[in-house]
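What follows is a set of structures for review.
Shared between the two complexes below is chain A, which pairs with chain B and chain C, respectively.
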Partner chain A sequence: MRLRIGAVSKADMLEARRCLPGAFCRPLAQRLLSWLCWTGLAALVLFCAVRFDMSPLRLWSGLSELGTLTRVMFPPASGGNMDLFLAGILETLAMAFLGTLIGGAIAFPLSFLAAKNILPAWLFHFGVRRVFDVLRGVDVMIWALIFVVAIGLGPLAGILAIAISDAGTLAKLFSEAIENIDRKQTEGVRSTGANAVKVMRFGVIPQVLPVMLSFTLYMFESNTRSATILGIVGAGGIGLLLADRIRANVWDQACLIIILILVTVYFIDFVSKRLRERLIGQGK
Partner chain B sequence: MLRLTGVSKQFDNVVAVDNVSLEIPTGQMVGIIGRSGAGKSTLLRLVNRLVDPTAGSINFNGAEIATIKGRVLNQWRAKCAMVFQQFNLVPRLDVITNVLIGRMFYRSTLQAVFQLFTPEERTLAVMALQRLDMIKHGLQRADTLSGGQQQRVAIARALTQEPEILLADEPIASLDPRNATVVMGALRAINREDGITVICNLHTVDTARAYCDRIVGMVSGRIAFDGPPTALTGDVIRTVYGVDGEDEEFDINVTSTAIGIGSRGTAQ
Partner chain C sequence: MPAILDHADRAPAVPAVGVPWDAVGMSGRVAPDAVVDSVAAFERARAEMQRQKRIQALIFAVVFLVCLVTAVIVGQFDVMTLIDGLPRTTDYVRKLVPVLRWETLGADVAEWYWNIGKWLTLLVETLLMAFFATLLGTIGALLLSFAASSNLTPGYWIYFATRRFLEIARSVPDLVYALVFVFAWGLGPLAGILALTIHTMGASGKLFAEVNENVDPNPIEGVRAAGANWVKMIRFAVIPQVLPVFASYTLWRFEINVRTAAVLGFVGAGGIGYELYTNIRLNYYEDVSAILLIIVATVVLVDIGCEEIRHRMIGKESLR
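On to the complex of A and B.
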């Protein structure tokens, strides 16, 4: 009676095919559809490659050019500007930090308004969500360009750019976190006779707060990276110094700045990852 | 014959399984009872080597199991199939694919990645589903099934592994009495008809009594009782479940979920 692969007979196989044909082969329509999808994807990739002239020859000559650049980059040198570079790094970090903090502070209250399970008025949260989309849909670089024109060169433009675009991203992430909460906890609190705000305080906040803080830290991590480029459009920080060096063909100093950026980003990633792990792991 | 000698497992400061020695002859149906945290789950996981023992020897038909690794370990896992309290199926895959996962050890990694199973294996999976009376749900996604149905799929997956031993970790703890009876009946049939050794963690005494040839009671990681169901007296049950003295007098019928046996008890 024991099931044995060696004991499976021809008759068993016929019987199994009769009982559950789907176990052996997917229906024709399904197979055709998956073939169609794969062929379509391949055709699209091929079309784009041809359209953008992605010939191996061009890639190859580009690579050799990169080789020359790498050679003039080494050894990296400060040219006596080390203090300036470090100040630039700190400015970039400060921009990322303040921008993320302000963005998170704006996103926190808004996210509750956008969560379907908190505010069951669809027209309202539909509206709030479209506002997020505008904030988020415009890239942080474009916000930076706008703010540079509006309030002038310098870190303040960068901080505002990060804050605005983060407010949109974080509000969306926060509201999704609120929508994905475990309903058992809120039900438990509601069953004791708590009103909506009390349910929010004890049934929702304890579950979503660690998630929100973790998202915010991740955004800080990511903003440290993107804040380095903001300088290129004039929004302060290390990016401005880097862009100057590249324009003036001072590649050894540019290389040092890139190394400093890498070290900083690595350090922030490391610290933020540790903090996030502790936040998520809480109470386990 | 499965032989455990002086097996221990320590997690940080907690000794989950403490110097357990046990001999289980081929074809026996063993029920392990004990309070939550007594080490029942860890004991089963040790046998399947989902956790590694900190001390002791696990021996199956003369082969040492406690120290094997790599492919030999995977072969052992295929040979001692496991069924879990929460079923541990892949919810987004259909039932037949979940059952075919039981063939993982017998397929090369490349074949497994591309889901290449032989017609014989597909037939085996269909036969396993037929045996558990789940063939009509064969193409449904696993997460559309009820708990009892999912557990039957999990047992079908275990059977396609062609196991020598079936480990069941609280297989009916999440099921209603009717489904619990169906699942325990299936385990019993696999044991009786196929001669597969079944080791089953249970949290109700009557279920263990009704289905098992032999009952092992665990207290704080040690074996406190080992004998046939007839030897399981009220005093023994009190030792297994109330050893701290913190529990006042309790009625085993209150915790019973088995149909027909001890269903008089109602909670408070």
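On to the complex of A and C.
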């Protein structure tokens, strides 16, 4: 079929459609499938809206309630408790620091066991990795609640909760870093007659240490955020003060605590970002 | 450096390491003074570098130790309490393990999961909460992200305001939103959904804006040249470029939201969290382990499912 521009008649177009239906529209099965997907999604959304009673009226009444709360929140006031709040913030930071440190210390040796290139035993590191998955899969709040019940109220429960869930996350990240190392360096060290320990010390660790430190700092940042809310279940830190203020309807003090949390999180983010940039710079 | 000096005396064809070429005369001999000088300079520089590195390490160690000591004091971290608490923790974990006998395994498991109907209902509610909040939050993030990216924003003040809004939305922890929203919308899943929505909007909005800032500017110019307005420019030049990345981020955010939705119940904001909270508080050990196990299984399954979808999307992209 030869076509000249400007000389395409209706009949030619019909002919083309007949010969090459795929070029003009997608096959029926594909269209049906995408249509089905969109309908399913819409139905699910509608079901959710009904199930969770998300009527505009209810949303609006809640919003006006929220507006009242916000008006009560400002201006934020300390009510003479500024010392208490600052101590709470410091405790939160201490919890995040110690939790990350302990979690990292647990994760470091475990990550070598879970790295495929260090320990070529399939069943073993499959098992170790599932343990990490369970540690990570349980939220840090749940760990905190369990530790509060097991060993009592206070920051120790929070520290252990952060350490446990961190150990899972960091061990996974560390073992992936170890698996991604450059093999040339380990081979070079081995070719000089070094034993396994020396290969680890001079071939592997110098490559992964900056990456590991950077991950640990990143987790410290994220743990500072979670440490601020662990107090809600009684595991120490500023969260307990905040939850108490909210439950007792002291909104101006609650607002001040939220502002303090924001400032702390920004500060830690800033410091950690600077440190990480330096670490990575040195690594290169 | 006697070895290098010996070498220099025997007139090398190539100067020793660290000796500049112009120190080698026409005869090819290295002037011994030059060698000593440059070697000494090298040694000096090395010593200086090592000294600086050592000082840096020392400063770092001191700062770290101060932080550690402060944290131990402020956090009331007591090794004795820890040693005291560890047996209680292991004891607790031992109590979590249900009695399962091989002969009556079926009946034992049935007894362990005696309330499975209620738990599964709550689990589905948790998943739906995460799904709905991810959807709403992502729509919000999508709409705001274009105003919050410096290359696409319609005006500086809109950019500034959107950025600040997103920052606050993501920096306040989602449980704090839930605590406040429970007062505004009452106990129940709606408060939890709205808390997750706000947080998702902030977190995804920032990531989306960063993706937007890295788009290829050529299609934008092309669409603009064809006379398109702002909305059409976004629709036809930006969205086709960023949609795959957004989809991948959104799946990842859904994984996170499932985890968070499981604990929102701790503050009364719906989902399986409230059931878990009461069971932990009342020391119904076997119920706690039963619920924990289904939560972990769900989280792992959601992770695997999202991973699978992501791989398929990437596969489709690379085929194009």
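By our rule, the second predicted complex is superposed on the first by the 217 of 284 C-alpha atoms of A that agree within 3 Å, B and C clash if a C-alpha of one lies under 4 Å from a C-alpha of the other, contacts with A are read in each partner's own complex, and residues count from 1 in each chain.
Going forward, a residue touches a chain if its C-beta (ideal position, glycine included) is under 8 Å from a C-beta of that chain, and two chains touch if they have at least 3 such contacts.
These figures come from a predicted structure and were not determined experimentally.
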Is A:Trp38 touching anything from chain B or chain C once the two structures are fitted on A? First, second, both or neither. neither
Hey, is it chain B or chain C that touches more of chain A? C
If you stack the two complexes on chain A, which partner ends up touching A:Ala23: first (chain B), second (chain C), both, or neither? first
Looking at the overlay, what does A:Leu66 touch: chain B (first), chain C (second), both, or neither? second
Check the residue A:Phe74 against both partner chains and state whether it touches chain B (first), chain C (second), both, or neither. neither
Contact-wise, after the overlay, does A:Met95 reach chain B, chain C, both or neither (first, second, both, neither)? second
According to the stated criteria, A:Phe126 is in contact with first (chain B), second (chain C), both, or neither; which is it? neither
Which partner does A:Asp12 contact after superposing on A: first (chain B), second (chain C), both, neither? first
Tell me which partner A:Phe267 touches in the superposition: chain B (first), chain C (second), both or neither. neither
Can you list the chain B residues touching chain A in their complex? 96, 106, 119-131, 135, 138-139, 159-160, 162, 193-196
Seen from chain A, its contact residues with chain C in the complex are 44-45, 47-49, 51-54, 58, 62-63, 65-66, 69, 87, 90-91, 93-95, 97-98, 101, 133-134, 137-139, 141-142, 145-147, 149-152, 154-156, 159-160, 225-226, 228-229, 232-233, 236, 242-243, 246, 254, 258, 261-262, 265-266
Show me the residue ranges of chain C that touch chain A in the complex, using the header's touch definition. 67-68, 70-72, 74-78, 81-82, 84-85, 88-89, 91-92, 125, 128-129, 131-132, 135, 168, 171-173, 175-176, 179-181, 183-186, 188-190, 193-194, 259-260, 262-263, 266-267, 270, 276-277, 280-281, 283, 288, 292, 295-296, 299-300
Footprint of chain B on chain A - complex, ascending: 1-5, 8, 12-13, 16-17, 19-20, 22-24
